[in-house]
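The two complexes that follow have subunit A in common; it is paired with subunit B in the first and with subunit C in the second.
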Partner chain A sequence: MPHLTFAKFIFPSLAAMFIFIALPIVSVVYQSFFIEHEQIMQEVETCDPFSCKTERRIDPEAMIALRAEQPAGRFNGLGTYTDSAHLAFDEIARIWRASPDILTALDRITDLPFYRALLFTFAYTAVVTPASIALGFFVALAVNQIPKLIRGIVVYFSLLPMIVPSLLGSLILFWMIDSRGIIGSSLQVLFNDPTLSLKASPVLTWITLFSYGTWNSTPFVFIIFFAALQTVPRDTLEAAMVDGASRWDRVRFVVAPHLANVATFLVLVSVMDNFRVFEAIIGFSAQAHASSLSSVIFNDLRSGDVPLFGSAAATSIMTIICIALLMSPSIRRTWISFRAKA
Partner chain B sequence: MRYLSSAAIAGLMLPALATAALADCPDFGKGSLRLLSNEHASVEIAVDRIAECATADFTVKANLNTEHATIQGPALSVSPSEYNVVVLANGSLTPLLNANLVRPLDDLIAKYGDQLNPNQMIKINGKTMAIAFMANAQHFFYREDVLEQAGVPVPTTYEEVIEASKAIRDQGIMQYPLAATMIPDWSLAQEFVNMYMGRGGEFFEPGSAKPALDMDKAIATLEMLKEMSTYMNPDYLTFDTDAIVPIWEAGEVAMANLWGSQASSFLPENSPSPEIAENTRFAAAPSVGGQGVPATTVWWDGFAIPKNIPDEDAEIAFRAMMYGLSPEMVADNPRAAVWLIKGYEPTPAAKGIVESVQGGAPSYSMLPYMSLMHDTFGANLAAFMTGGKSAEETISDVLRDYETSARQAGFLN
Partner chain C sequence: MEAPTYRVPRYLKLLAFGFVLVWVLTAAFPFAWTVWGSFKVQADFFSYGDWTDALDGPATTAQTGGAFTLDAYRGVWIDNEFWKPALNTIIVTVSVTAISLTLGTLGGYALARSGYRYAFWILLAALIFRAMPGVTLVSGYLLPFFELNIWGKLPTAIIVLVALNQPFTLWLLHAFFLSIPRDLDESALVDGCTRFQAFRLAIIPVMWPGVITAGIFSFLTGYSDFVISAAILSEENQTMIPRIAAFLGSVQLRGQIMYAVAATVSVIVPLIILVLFFQKRIVSGLTAGAVKG
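Now for the complex of A and B:
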């Protein structure tokens, strides 16, 4: 394609990406360097139906004037990034000095709000991504074997987890694993333990969230693999059969290499998707045992009467950095193979 | 929803009456009522009453939404504001006052507010900024029959609640006799706030946003919450009111601390299991630590009128609300809420709230930094409840996180 034509085709998409992705990210970076103005307080007498008392309240007029002067707030530099709600350098130093060994230190560090969220987010991504890709691959292989007549229906039902809004899906599962629900009470019978509760133990909650995540993201993987399977060259497959290759050999030596590029794409997309895990934690009311970077951002933005925009912005930026780091091996490989082709 | 449907059925069956009601409608003027509120059955009643008076010149639009507190700031910041009435509570008035988004109502009260009780007026420095119309508090719900069967008196302190739970469990009546709204974040923290204030604890240094927790009282509160949790269903950390109502109706819980605004759904005429509802009783929140004051915070719900609307719009909104929240409405719906409106006589469903207020329970703080403290407890208490942290560690984490977010929010340096 001539370069000019290519540029014309890509321009609208580039413009949209600049306006809707790049600019907002710049503004988030900017916001992360600021915190709220120092609140100007005044004493007021407050009366409610039950009593009267003198209380301290924010002086609204003074604050409005202050905000008009400097809308972003007070400059805090990298202070927000290093405070105890984020990278917590001071706390880590203190824990490091006070802990007898590395394991205790690590245990205490992963109790800090940011690292706790980071740990869960990484664990979720590390488990759900390979699990959903493997599962999606096998579902695609299986569906590909089904006679064409009923294949459409099977494909439709396999896609259901993706069609059901994920918050709804998690709520339905949440009720099923309740100790009164069908899964929860079956497990109690199975393990002969009437106090078994999937919601009460941190480990079981994590497993539940991972399983739910796999269930939820498998259909996307499946449908992409299923489409790619239609392009596997028949000739090669038949040649392999003539050579006496078993079904497993054909999958391993013909189908899998053919799907390698698709798999790379799926890893990229799934990692990005899974790193933003959020609905599951809300849907499963799992805040007691799990928090993700997204749920930390959400909490900052809904923090009582004063949304902590700076804090949320700092966490967002660190999320972006983490995703970029996770992406880098894949992107590097794509780049190398691109260079090799060129 | 129940109220809405019964109102709808009444409207279908008695068109004659409806026309009669229409005839009583005052003329609010040419304009509209645009109301934003939390989901409250009582607000629905008031809105329905106003909506009966809707004409071509006067329209009614209500947004009853559990996310009302998130919407209200942005919606009122634009001029003219999208809504001309916001229904709010102790906590949600604070951000609107901070941003100077609501108007003083004294002129409107002088013109149209004869029906108001003096204590309905929420005054800030002598100016009425909101009109309260109902009270709410978490209080004690119990099953009289179960307590009798276990041979224990009705608990009036949390220490007795634990004894009664033990008796019920030991006699094999119920495995998990106790319930509370302990879903982490706001509700779990609210349990702490209630009980810590019930012990006479303070959160801040006077006149400052600096935290000043009483360590002994805070730790005693945490230990008691944990001890109570051993008598609760193992899933208690996922329980909000909606999760507790069905297990109460299934007869699996004997005692709970729940919101008074939910009490009417526990009454025999509204409950799907009347035999349990008949034995359900309400009382003031238990006291704790020998303080003798109900360990709960009392809340008011009321309405305010935005600053960024024309005066005529505000006048129409105020008159409509006065009609919707009139003593006649209370006379028709005495059980729907603990009304603060003239002519209200407490009903059996109101017993818990009324006794809590009379017992001297404090109202929930309107300090602007209280919500940050509350949220910090919400984020940290779960780790303590599940045994991941000791009480001391939890309190020190709370102080650390509170100071960080208070600094972010500009309350501390």
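Now for the complex of A and C:
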């Protein structure tokens, strides 16, 4: 296809992505170097019948004028990145000096807002990705063994946790695990503890969120593995059988290698999706015990009258850097295989 | 012909069957339970006594006279005017789907037929864009949108969602157009058509299976979005899911949690029906990129 025709066809799509994805990244980087204006104070004299006194107040008009003049705020350089809400270098140095041993220090560092979110996001990704891939694999193997007639129904029901928006899926489970809901009250009976609540402790909240995540991401893994199982070469399977391979040998030496490529793809996509965990934290009202990078950004943008653009932007940039690092091996591989083909 | 050794032993079949049963229950029961419970009153669905109250509904019968009640739906759709966000969701979803598909088919077709190296770079950039969580871009949108005075309006949210949805649509349709034989449009070119005529006359008639699949995923993007709509739309232009999130705080305090339950069920039932009709397309869309590796 000639360059010009190609350009005409691709232009609208490319323009949309450029204006609303590429440019905003630049805008985020720019904003992360700025911080909210300091409040302009003015001396106001207030008089009541008895006396007059002067007090210092925020000058609203001057603030509006200043914001109109410099909407991004005042320049702060890398200050936002290193402040106490983000990388918190000063706090870490202080904790390091004050803590008796490394474990206490780490424990205190992970109480800092940014590291707390980072820890949860990584923990969530590290638990949910392998759990959903393993579960999805076994569901796919099992569905492959049941009669073809009912497979369609199984696939239908399996799709539901994935299709339903995360916020609503997590709300539905949240209501069920409520101490007055079906799962919550059954657990109380099961453990014979009428005060048991999954919302009470950080550990139980984390476990709940991880279980939700696995429930939510397993369907996709199952669908992909199930489709891949249909393309396992039968000839190779039969040849293996003629050679006397056991069932387990066949899974290990024929099926597993066939699925290896698909599994790499699934790891990549799942890591990408799990790393953006956010809606479940709102759905489970878990802000007290868990925060992710995405939820920290969202809270900054929702705080008070003036959104904390600079703070949100700095967290956004660091999130993007984390994702870039996580994805770099697979991008490198795509590049190498492209070079090999070219 | 199946070799006799290929038979699966009975115990293994039973095991697989049991496992699938447990999985299906895990996946589907929460939805069935919540849909059922949305027709009860709060004292039954969140019962201080026993969870079986939600099944036979003594409080529902006592309070409303019947075992099922539409009170929660009435409360949320009429008293709380949930039809407004519902209308906004319809506008956003339909527009996002239509615009995404228009841009995506043109772009996907070009990428599938280009053959130059830059097509690969565009696809790689799209993959990277696809990895970026929407919320990281939001702080980049807000300030410019405030300045341009386009914050809070439906068209703004629509075009942002279209852009965020483009990477996936491009990949899906690019893969789909690769599966359409080149001969089809190239013979049209030989007959003297321009590229665009070839696209219109030879490709458009056969592209619908791929377009419908991509359309379902665009629909889901618009319908399910929370972050972008919550951050970009003003109160009166709010869509359903941010509205439910906004509900949560207020209804819990006023003991109207069933309103939120009814609103949630109202949003998910159309999706459950959608999957019923388009199951094959959804599965094919999900596997399109993956199985080929």
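Definition applied: the second predicted complex is superposed on the first by the 276 of 342 C-alpha atoms of A that agree within 3 Å, B and C clash if a C-alpha of one lies under 4 Å from a C-alpha of the other, contacts with A are read in each partner's own complex, and residues count from 1 in each chain.
To be clear about the criterion, a residue touches a chain if its C-beta (ideal position, glycine included) is under 8 Å from a C-beta of that chain, and two chains touch if they have at least 3 such contacts.
Here the structure is a predicted model, which is why all the values come from computation and not from measurement.
In the superposed model, A:238 makes contact with subunit C only, not with subunit B. Of the two partner chains placed by the overlay, only subunit B lies in contact with A:199; subunit C stays clear of it.
Looking at the superposition, the partner that touches the larger set of subunit A residues, subunit B or subunit C, turns out to be C.
In the superposed model, A:258 makes contact with neither subunit B nor subunit C. Looking at the shared chain after the overlay, A:285 reaches both subunit B and subunit C. When the shared chain is aligned, subunit C comes close enough to touch A:182, but subunit B does not. Taken together, the two complexes place residues 178, 285 of subunit A in contact with subunit B and also with subunit C.
Listed in rising order, the residues of subunit A touching subunit C in the complex are 1-3, 5-6, 8-10, 12-14, 16-17, 19-28, 31, 71-72, 138-139, 141-146, 152-161, 163-169, 171-173, 175-176, 178, 180-182, 185-186, 215, 219-220, 223-224, 227-228, 231, 238, 241, 261-262, 265-266, 269, 272, 275-276, 278-279, 282, 285, 294, 297-298, 300-301, 307, 309, 312-313, 316-317, 319-320, 323-324, 327, 331, 334-335, 338, 342. Across the interface of their complex, subunit A is touched by residues 3, 5-6, 8, 12-13, 15-17, 19-20, 23-24, 26-28, 30-31, 33-34, 37, 45-48, 50-51, 54, 102-104, 106-107, 109-111, 113-117, 119-120, 122, 124-144, 146-147, 159-160, 162-164, 166-167, 170, 195-196, 199, 220, 223-224, 226-227, 230-231, 241, 244-245, 248, 257, 260-261, 264, 267-268, 271-272, 274-276, 279, 282-283, 286-287, 289-291, 293 of subunit C. Against subunit B, in their complex, subunit A makes its touches with residues 35-39, 43-52, 55-58, 60-61, 63-64, 73-74, 80, 83-85, 91, 111, 113, 178-179, 195, 197, 199-200, 202, 285, 287-289, 299, 302-306, 308, 310-311. Subunit B meets subunit A in the complex at residues 70, 90-91, 94-95, 97-100, 119-126, 132, 135, 183-185, 207-209, 233-235, 237-238, 298, 300, 340, 357, 362-363, 366-368, 370-372, 374-375, 379, 382-383, 385-386, 388-389, 397, 400-401, 403-405, 407-411, 413.
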